[in-house]
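What follows is a set of structures for review.
Two complexes, one shared chain (subunit A), two partners (subunit B, subunit C).
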Partner chain A sequence: MAEDVLKRLKEAIMTYDVEGAVEASKEVIKTGFDPLKAIEQGLGEGLKVVGEKFGAGEIFLPMLMIAAQAMKESLAILEPTLAKGTSRKVAGKVVIGTVEGDIHDIGKSIVAAMLTANGFEVHDIGCDAPTSKFVEKVKAVNPDIIGMSALLTTTMPKMTEVINALKKEGLRGKVKIIVGGAPVSAAWAEQIGADSYGEDAMAAVDVVKKLVGK
Partner chain B sequence: MEKIITVTFEPEGRRVRVQPETSIFQAAREAGIGIRTECGGDGTCGKCRIIVKNKSVINEVTDAERTHLSEKETDSGYRLACRTIPKQNITVMIPEESRIGARKIQITGLERPVPLNPSVKKFHVVLPKPTLSDVRPDFKRLLDHLADAYGLKSLEIDYEVLKKLPDILRDADWDFTVTIWDGHVIIAVEAGDTADKLFGLAIDIGTSKIVGYVVNLMTGQTASIGSIENPQIMHGEDVISRITFAMAGGEKLKVLQKLAVEGINDVLHEACTQGNVDSNDIYEVTVAGNTAMHHFLLAIQPKYLALSPYTPAVKKPIKVKAKELGIKIHRNGAVYVLPIIAGFVGADAVGDVLSSGIHESKEISLLLDIGTNTEVFVGNTEDILSCSCASGPAFEGAHIKHGMKAVTGAIEKVRISPDTYEVEYETIGNVKPIGLCGSAMVDVVAEMLRSRIINHHGRFNPNLKTSRLKKVNNIPEFVLAGENETATRKEITVTQKDINEIQLAKAAMFTGCSILMKRKNVKRKDLDRVFIAGAFGNYINPENAKFIGLVPDVPTEKINFVGNTAVTGAKMVLTSREARETAEILSRRVRYIELAIDPDFSQEFTRALFIPHRDLDRFPSVKEHLERLE
Partner chain C sequence: MVRASFNLLSKTELDTIHNATLEILENPGLLVPSERALKILDKAGAYVDYEKNRVTIPSHVVEEALKKAPKTIKYCARNPKYDFTLEKKEVHFTTDGYGVYIRDFETGERRKSTSADLAKWAVLADSLNMIHVFWPSIAPSDIPDAVEWLHCLIISLSNTEKHIESDAYTARDAQYLIEVAAAVVGGKEELKKRPIISAVQCPIAPLGYEEGLIEAVIEFAEAGVPVVPLSMPLAGETGPVTLAGTIVINNAEVLGSLVISEFASPGAPVLYGGCPGNIDFKTGMLAESPEGGLLNASLAQLARYYNLPSEVCGSCSDSKVLDAQAAYERTISLLPVMLCGPDIICGMGGLEVAKTMVPELLVIDNEILESMDRFVRGFEINDDTLALDVIRKVGLGGHYLAEKHTLTHFLKEHWVPKISDRKPYDTWEKAGSKDIVKVAKEKVKEILATHKPEPMPKDVQKEISQILKRYEKEVLG
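On to the complex of A and B.
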């Protein structure tokens, strides 16, 4: 029975079945199954497989988006039931958001879902996130990594603003910074003094793993 | 390793990658684009004229070119293709005169007749000469007559006209024609009866194209049409990159303004030449365009259009003098810029609504103006909702491996046999194909789903047995036309990635439709009419548009293709003051919905990524068709 629900979660993600994943997640709650295990060994495993297919060029963005959406909706059901202070073995903590002035949510959410699938504790501060929100969240959760997304050339300068604000607060040395989004490049990352750049969601996961030294 | 250079040809939007030291002429051959030549590229005939705006990425003008091009021409970017060598990635415009074959971008649109009542009117006047017993001032004499004869009151006179009025009236021997703009300003006084020489210009500034109608304001008929590529393209293909360019400060915004004005003047020149109209007989220009184009033309700071919450500087219509902007119509002519609805629903969208007439009917309409940004409207005479979707340029050929715009040489229709996978296609201009345009992409996705080459996730069937299916760099491609069939002597294919690009584009549009319908509480069956506007709209197969989930599944007879309704909307406000009033009311009344903040947005979007949709029940006719195939 227990193995069955894990399989269902994993397969729902792998077959891009949003409803299936949501249904299976509700089942997890109803049956009192360990939600952490459901996230890590069910959903997470499924999304990892999807991510690998994406990385290998077997599938493209739309399918990855659907799988990430299924993950996101399932997490919304499972995460609130995680016991406070659950000793989840996390690969690292990430604060992620789309910078102020920019309401593009999807790319950033895929990265967040992929990081979750790969064992990171992800704090998604959403889109159109003011610089102060990044700083506050960093103070509150003490992350290893900050991920910033911008999909407009007009909002890219906000990334610099966040980095400067972190410097001013003496926080810059405590976190690694990764940037991404369609108009963002490795050269831009270097120019603004970020630590790295993720070409796509899979690359972002690899980069974050490297940055935390795992 | 030598650097590969990408050459982009406009207006096709065709891209080709070439070795360094390749001439533009050779690059055009590789891209399958016909450029005129008599000497075959020897630099002697001077026929292969092209325009390159960014001179820093090409070689210096050669002596051969100096013999064929004037200094003024080379200054404005004219070169000979066979003598031009790009050093970096480059965008080249091929003007009409250098082009083999015609193009077919949609520049006309649905027109609804309106009672003729233009904002500029002419009155032929014969006045009694002043005498010692009648010493009324000249202007007073004119005003008294206009009040008596036509009931015109509270008139003002343009200062420039006033300065010369005494001479003009006497030189004309008191027989003259008065032009009145906006019901109250005298903008011209001309000798004799010129009342039949009254024209206007309706313009739509699109992100990629500027279209203009010269309209006879005595009859309301279009005299001629002109169109060119928007010359701002050299500062970015899309709105956001142009705003970024303008944000760099200095004179950058002025540069964009100047280019918009030059573009309008070029269109004006072309249309006037064709229609044999004197540009001095054009007294008013009405301008539609998206909000960014609107701000660029008026040199209004566009920065905040590209930053959340994306607010425009102004909504109201703008009236300025043509000479203030540098538009070369009558020296005292006026410009009326249509009002806008929101940051991403501009004056062009006001034109769409006006032309389609969805605001006048009790019937519930869905209207899409498809472009890089697709505007969507749902509503009727009671209430209209609007939104803008970032659909991207895939339907205009960008980001598609063999994509191009709907011009000569583009495959525009495709059929695929579900049994043999054999392909039938039609090409614009009946020539050998060089690529495929948006309408063909719609057909391809539908036909590939019908013949099970792809599944409803958009994934290629790996077990398909046909020589048309191949893998390039491990990515599956389906061959539409073999190398012996094409003008490029290379295969034209559709790749897995192309299919996914179309999924993203159509999902964005459909999400706009479904969220507006939800907000308006309108069900698919409640839709009485669906209008599709835009540069390629007329050539889309409506069955296939439904089949891939681009528009809701409504009976095909409810779908109307209306073409470029932005420019016809501009024409309506040019010929009718009532339409102008309606445009102003619409700009205030049409409600703007920000899609991205709708709680259902990401869910709706991801569901719409499926072909036609995750919920097949929303597409019963497609569902039935697919079940029949089982």
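On to the complex of A and C.
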């Protein structure tokens, strides 16, 4: 029975079945099954497979996005029930957002999904995110990585603004910063003092893994 | 269903071409240098001059032949999973015919092609999803011309499980081709039910036939093997310089061939064929052109006008190498023809207007065909595809990537390229900065190393090789 629910969680993620994942998560709570085990060995294992397949070009973006959505909705059910002081094992924590003045949400969301699939705890602060929101979130969750996205040449300078604000708060040394988006380049990352740059979602995952030393 | 299509010619214009063609069939008529064919035409009600090998065909004979002709034709294959029916719904594609050179994909050298090249060409075509018919496009220079067709058929049968479009120079060629095909399907009656071969038999423009070729047409008609009378008038050379006049020539030759088939064997499967073109007026050489697109598109429409299945030409190029010219010429000669909806388009894999076959081009053509096939299929409009529920769910802003509606539909609605590069620049550079020709060459190498068409049963192979021996002895002595 117990192993059965793990299998159901994993398979729901691997078959891009949001309702199935949510239902299985509710059953975890109902039956008193260990929620940490459900997250790590059920949902997490499934999403890992999805991420690997996506990275290998075997499956398509909607599949990755829906699997990540299923994970997100299941975590919302299971995480609040974790015993105090315990938390799921993650590859690292990431705060990610699109900078102020820029409403381009999707590229950043794809990177967030791919990072989630690779075992990172991702805090997505959305698009058109003011510099202060980045700073507040960093203070609140103490991430390893900050990811900033911009799709407009006119909003790219906001990345510099965020970096300067972090320096001012004495937080710059505690986090690594990656940047991305169509007009953004490795040269730009270097110019503004970011740590790295990812050309697409797969590259972003490689870069983040390298930065957290995995 | 919104389907991408267009009508180049109006009903009135088609009527005009048809009536003009009937006038030509009455005067000057056609040159038919075969007593056997002349007798069939005589019996059909045509006026035959046996001395001059000339025939004039009154319109009622043409109408009668059109009535006898089947409206749909089955193209079966050695492996039934590749069977399909020509019913004016889907466009299918064949390899180009009939190149005398091959560009060796390993050395890049343009050299005379051999039977080993033909075998590899067949394996390649067997593996490519958009190639539905295999025309043995490669002339094997290591085989005597007089016996090449039977060799070509046997090499093809041994290396692809798809339908084979063959050719025959003589009635005897045709008889042997039929015998081999019958051996594969289990007899001549079975072959009538499951024609795994068809035959491209070209008239000789303007307005005539060759003795052996037209007698082969009669053999095929009697055996129930589909025939494609592939007329090839060249505007300004073997047809009038004007496109309308060249269409009339093509039409007269096809209808003449149809009359012979239908009166030789009523209900004989005959496709409306054509591969008209034009010349380069500086050299007199056959040339790829936008006019070729207009000509072949018109013929596809004429075939529909007559309610006959059809095969016309597309995807041609004069280019000597795989360059931008090769790509744009193929596109302009293919898409308009596809939009007029023939059953089959030939021309895949060839450069220099079919003189040189290029393996990596066949792989690239497969990609072009997939994308154009997607274009032609259009899209559906209904409650599900209008997606009002999903539009309301996502609301203002946001995205549709994580919607179930997206997951359900994206692969049906959107084409996924097989070899075209869509990677971002840096990723492409890291992967070796490969252009499409390089990618296609690698694909050819991979296919030839891994794709293994099912061989024919041992006893069939044995029977076929005995037939071949008998044929060679008969022809070569």
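Criterion: the second predicted complex is superposed on the first by the 167 of 214 C-alpha atoms of A that agree within 3 Å, B and C clash if a C-alpha of one lies under 4 Å from a C-alpha of the other, contacts with A are read in each partner's own complex, and residues count from 1 in each chain.
Basically, a residue touches a chain if its C-beta (ideal position, glycine included) is under 8 Å from a C-beta of that chain, and two chains touch if they have at least 3 such contacts.
Values in this document were obtained by computation on a predicted structure and should not be read as measured data.
Engineer: Quick check for you: in the superposed arrangement, does A:D200 touch first (subunit B), second (subunit C), both or neither?
Structural biologist: Touch partner of A:D200: subunit C, not subunit B.
Engineer: Per the contact definition in the header, classify A:E100: touching subunit B only (first), subunit C only (second), both, or neither.
Structural biologist: The answer is first: A:E100 touches subunit B but not subunit C.
Engineer: For A:P80 in the superposed arrangement: first (subunit B), second (subunit C), both or neither?
Structural biologist: Neither partner.
Engineer: If we overlay the two complexes on their shared chain A, which of subunit B and subunit C does A:D128 touch? Say first, second, both or neither.
Structural biologist: The answer is first: A:D128 touches subunit B but not subunit C.
Engineer: Looking only at subunit A, is it subunit B or subunit C that touches more of its residues?
Structural biologist: B
Engineer: After superposition on the shared chain, which partner residues are touched by A:P62: those of subunit B (first), subunit C (second), both, or neither?
Structural biologist: In the superposition, A:P62 touches subunit B and subunit C alike.
Engineer: Kindly classify A:G173 by the partners it touches after superposition: subunit B alone (first), subunit C alone (second), both, or neither?
Structural biologist: In the superposition, A:G173 contacts neither subunit B nor subunit C.
Engineer: Scan A:G213 for contacts with subunit B and subunit C and give back first, second, both or neither.
Structural biologist: A:G213 sits against neither subunit B nor subunit C.
Engineer: For subunit A, which residues belong to both interfaces, subunit B and subunit C?
Structural biologist: 16, 18, 60-63, 65-66, 69, 103, 105-106, 109
Engineer: Using the touch definition up top, name the residues of subunit C that touch subunit A in the complex.
Structural biologist: Within the complex, subunit C touches subunit A at residues 397-399, 401-404, 406-407, 410-411, 416, 424-427.
Engineer: Could you please specify the touching residues of subunit B with respect to subunit A in the complex?
Structural biologist: Subunit B reaches subunit A through residues 240-241, 243-244, 247, 303, 306-308, 457-459, 473-475, 496-497, 500, 503-504, 507, 594, 596-597, 601-603, 605-607, 609-610, 614.
Engineer: Quick one: which bits of subunit A touch subunit C in the complex? Just the residue numbers, please.
Structural biologist: So the residues of subunit A touching subunit C come out as 16, 18, 60-63, 65-66, 68-69, 103, 105-106, 109-110, 186, 199-200, 202-203.
Engineer: Touching residues of subunit A toward subunit B in the complex: what are they?
Structural biologist: 16, 18, 56-57, 59-63, 65-66, 69, 72-73, 100-106, 109, 127-128, 152-155
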